[in-house]
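Here chain A shows up in two complexes: once beside chain B, once beside chain C.
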Partner chain A sequence: MFSIPGNMKGEMEAPLLDIQNLRVELLLRRGILTAVDDVSFRLREKESLGIVGETGCGKSMIALSIMGLVPSPPGRASGRILFEGVDLIRKKERELRRIRGREIAIIFQEPLTALNPAFIIGEQVAECYRVHFGHSKRTAREGAEHILDLVRVPSPKQVMKLYPHELSGGMRQRVMIAIALACQPKLLIADEPTTALDVTVQAQILELLEELREKMKLAMIFISHNLGVVAHLCDRIAVMYAGALVEVTDVESLLQPLHPYTLGLLDAMPLPEHRDEYLKALPGNICDLIYPPSGCKFHPRCFKAQEICAQERPGLEMKPLDHAVACFFPVYHEPS
Partner chain B sequence: MLRNRLATLGLFIVVVITLLALAAPWLASENAFRMNLADRLAGPSHGHILGTDTYGRDIFARILLGASIAMQVALTAVSVAFIIGVPLGGIAGYMGGLFDTAVMRLIDALLAFPGRLLAIALVAATGTSFLTLCAAVAVNAIPGYTRVIRAAVLMQKDKEYVEAARMNGESGARILFSEIFPNCLAPVLVLVTLDFAHAILLESSLSFLGLGFPPPAPSWGLMLSEARGYMEIAPHVAIFPGLAISLTILGFNLLGDGLRDVFDPRQYER
Partner chain C sequence: MNLLEVHELCKYFDLSGGLLGRALNGRSILKAVDHVSFSIPEGKTLGLVGESGCGKSTTARLVACLIPPTSGKVQMEGRDILSLGGKETRKLRRYVQMVFQDPYGSLNPRMKIMDIIGRPLTIHEGLRGKKRAQEVEMLLDRVGLLAEYSDRYPHELSGGQRQRVAIARALSMRPRLVIADEPVSALDLSVQAQILNLFKKVQRELKLTMLFISHDLNVVQYIADSVAVMYAGNIMEMGSVQQVFQNPLHPYTKGLLAANISLGVPNQGSYRIAGEVSLPINPVGCRLESRCPIRVSRCKTSEPSLSEKRPGQQVACHEI
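Here is the complex of A and B:
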């Protein structure tokens, strides 16, 4: 009963990534925690999808399952993750290793801890070439220099000789991007890549990502809790709540959200025009993922909730053009 | 500051002893074995700086050659312990689970034996030779490496750079040996210097008990044991080898302490 959110036009062309009914469960002592609950979406080549949601709603778990790195035990992933038509969930570790970093690359949130403190930058960037292409030390170093130049690290030759702690945050993130892009992957997953950075550096990094995506014809999944950033960078946006997708839409139509949760998120954004008012927060807390509320997981916090919301779970359904929402009573008016 | 000066002293002692040990075969191998019964138990003099022993052999030459023996045993034993203990502990820490439990219980069992007793049993069972002596000393050192490297790996393995390496498609072996190990080396290096001291002491003890090198090898422990009967009439025969042992161990310990300060363990807490 999974529907295909987004883009009817691209239906004929095989998607780069096709996730069907992905479910990630963590078997904990307290019970089974459903971190990702029946998520399906598609990503075409060169498309960029933003995944937004609160902390702990399963955004990063999706990224981990695409990489085949859900910690197991206690994790268990089921469903299908078709990458270029091949199911990654059923692949062996050895085959997955060839895809990781080579076909699908990832950028992390905290660039300092994601770089090995014991090696100079040059070696770490060159590592990918050596692992995936078996390049010699020298060609790998040349490749590293080239890619560092591409992510606009100034004087890459010098930077390659530095240790991670000698670089600034923005520079480290550029190095991370260089490492991710070194093997020219088809899909880039950016897991909150700018959260740890200053706002100005953030803007530079986002600009760089956008430019590189264009240049290298990358598809991208951009995970963030910052709606503004995602709206700026992505073609489509998926909103997650408690492990499930509640709304998938084009960036343009996000400003007219259908799901009450998305509406709440938009309303909670601080805007300069409203600086004298209190921020509008969503009432309540994110629900317990081990014993989620019955029916729609959002109903205890939803202002439109009715009886049916506590009994049945709404599926992700196409409302008007290209706009999928999982709600019985979608909102049909402009956000205030 | 004081610690640093002491560490420098330790380094100095270690370097001097290493150089002497390296040069010993050329400097001393002749005098160390030449007996002169007329000149037994002579005190320090112009001809024999540190005097002579029960057979009239030059004690200084024997101590030099003894340094060479002690260093050879220590180097071999520590290398063997390092080569076995470090990968074992590293893999145990990285893999965790059943393998980890099995290895660590094995190490615990090994630790439960008094080290010296284990070494004595080993040598007594297999007979004395350079290799069994080294093996006996190494068996005592392995648990230390395994535990230290395991703890360091455990501290490193959940760091994000490890996950980043995994997401870059690196294999488990590669992640452990070329990503994690370089970040774990500092405490191991300290252990190596301290273990040199332990190894030298253990070798001396075994030789003293007659379980190390057979006479007439100029092992420090053996020299002490031979001097036992003459302590009252010629104390220098026992004092100088004893001093050599103490000084060497002091040197290694000071160096080890200094290294530990340099690689401040606090930097690993994060």
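Here is the complex of A and C:
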């Protein structure tokens, strides 16, 4: 009953990443928290997919499970994560290490915690070359200098001698990007990479990511709570609510959403033309993930909810071509 | 009539590190807020925008009398609130209330909601028992919370609900001026909309004057009547929301607007501000000089002052 949304044009070639029925559960004292609930999607080479959703919707958990970084216990991931046809969930830690950082790289939100405070930048960047390619110290250093130059760190030779705390937030994030791209991965996962940055710096980093993606032919999963940033950077967008994908669409169709939740998010954005009115805020709060509502998890907040929504969970289905939605009563079906 | 007038407000922090540091490195003074002046007419909202470290929160704290200024004047209805004595200040404090960014940190975790909202009522109005409970119930209703919440602790509430409690606490004193320091930044989009609506509603009902601080340009554009753009301790541009957002004059405002990527709002072109904010320690000349795309030589030495370039729109830039 779960059709797998993928870009139709890409259906011919094998996808780079094929996630099937991914489920991540956290075994907590209070009960089992389902952080990712039956998520399936595909990503072609060179494609960029944005995942948006509010706090706790499971977007970062998807990133962590692709990297094999879900802490276990309390975490438990099931389903299939096929990367170039190989299932990452069933890989051993040792085998994963060969892929992690080399084929798939990740950038986190907070570069200051992701970088090791006790080592200089040069060593941390050069480490990738030494670990993954077995380069000598000297070639690794040259590689590091080159990649720092590529992410436009000014005077990389000097910066390599500095410790993370001596750099500004934007510069740290550039270093993180350099480390991620050092091994020329095929897939880059960016988990809220600009959330901690100021807007002018955010604009610089986004511009850089866009350019590098083009240059290095990267596929990218860009995770953010900011719809605008995701729409600006990605080809396709997946909207998550309470662990599940509720809508997957091209950027162009995002402004005509099918799912009531996506519509609610768009309506909640404060726009200058609505200055004199109240915003159309979604009622209520995000549901409890340990004891979620029955059926569609969004139904208690949904203005279109009917009886069936509380009983059955809607699967993600293609409505028009390339636009998948998990809803019994998508927005374009006006109730009669 | 202006409810709040701020004249040449300054807050400097001495970073020299004692006598030895001063002897070795000379004096280093961080000018967090430097000669900032603005006014808010009664019942209106001034939005204060800027990136982290630009001095917007320090300005809020100065206006709320939470920290003493280095120099300058803050007047409410013509009275200088900084020069008042202890008793008078306390009386005045109730008319200036603050809502903070983090509703997790600003509510006492050991107090029930009833006491969090009711405490100021006891202190300032001597309300106790049933009367106080009634008042708290009314305030909870005003901010859209059920009366039963008064028996709960902050940790039992969601972020949005906590921010409602913080707003109810601020409103309990029937303030004239509410200072909101990034009140929706910690909230998710759908909850943010609820809280913005609440601000709009109580402002209409109670005719509140607000100083609304945010780094989010869309939020300020939605909620404020006029806006001041701060950078490194200075106000760079100030005017009505329409003027500043539609016809920005200062290069920093232009860069800020161009960097504001938001769905449904047309992007203002590729005007880029290079580099990053540096702290205004012993600043000379225009603070934006190193990042400014239209800088000239005198920007390095002389600091531009805020002057009216269009009716009602003030800009601090030599080149405009």
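Keep in mind that, in the parts below, the second predicted complex is superposed on the first by the 324 of 336 C-alpha atoms of A that agree within 3 Å, B and C clash if a C-alpha of one lies under 4 Å from a C-alpha of the other, contacts with A are read in each partner's own complex, and residues count from 1 in each chain.
Following the convention adopted for this analysis, a residue touches a chain if its C-beta (ideal position, glycine included) is under 8 Å from a C-beta of that chain, and two chains touch if they have at least 3 such contacts.
Quick caveat, the model's predicted, so the values are computed rather than measured.
Asks: Based on the superposed arrangement around chain A, label chain B with chain C as either clash or fit.
Replies: Verdict on chain A: chain B and chain C fit.
Asks: Who touches more of chain A, chain B or chain C?
Replies: Per-residue touch count on chain A favours C.
Asks: Pick one for A:Pro293: touches chain B only (first), chain C only (second), both, or neither.
Replies: neither
Asks: One more residue to check, A:Ile106. First (chain B), second (chain C), both or neither?
Replies: Only chain B is touched by A:Ile106; chain C is not.
Asks: Applying the touch criterion given at the start, work out whether A:Leu279 contacts chain B, chain C, both or neither, answering first, second, both or neither.
Replies: second
Asks: Could you say whether A:Leu266 touches chain B, chain C, both of them, or neither, answering first, second, both or neither?
Replies: second
Asks: Classify the contacts of A:His132 with the two partner chains as first (chain B alone), second (chain C alone), both, or neither.
Replies: Only chain B; A:His132 stays clear of chain C.
Asks: Taking CA centres after the superposition, what's the angle at chain A between the directions to chain B and chain C, given in steps of 10 degrees?
Replies: About 80 degrees, rounded to the nearest 10.
Asks: For A:Ile179, decide between first (touching chain B), second (touching chain C), both and neither.
Replies: In the superposition, A:Ile179 contacts chain B only.
Asks: Would you sort A:Asn116 into first (chain B), second (chain C), both or neither based on which partner it touches?
Replies: In the superposition, A:Asn116 touches chain B alone.
Asks: I want to verify one number: the closest Cα approach of chain B to chain C after the superposition, in Å.
Replies: Least C-alpha distance after superposition: 11 Å.
Asks: Do any residues of chain A touch both chain B and chain C, and if so, which are they?
Replies: No residue of chain A touches both chain B and chain C.
Asks: Which bits of chain B are touching chain A when the two form their complex?
Replies: 159-161, 163-171, 174, 179, 182-183
Asks: For a test of understanding, state which residues of chain A touch chain C in their complex under the given definition.
Replies: Interface residues on the chain A side: 54-55, 168-171, 198-204, 206-207, 225-229, 231-232, 254-255, 264-272, 274-275, 278-282, 285-286.
Asks: For chain C, which residues count as touching chain A in their complex?
Replies: Result: residues 51-52, 158, 160-161, 188-194, 196-197, 200-201, 215, 217-219, 221-223, 241, 245, 255-256, 258-265, 272-274, 276-277 of chain C touch chain A.
Asks: Over in the complex, which chain A residues touch chain B? Could you list them?
Replies: 67, 69, 96-102, 105-106, 108, 110, 113-119, 127-128, 131-132, 176, 179
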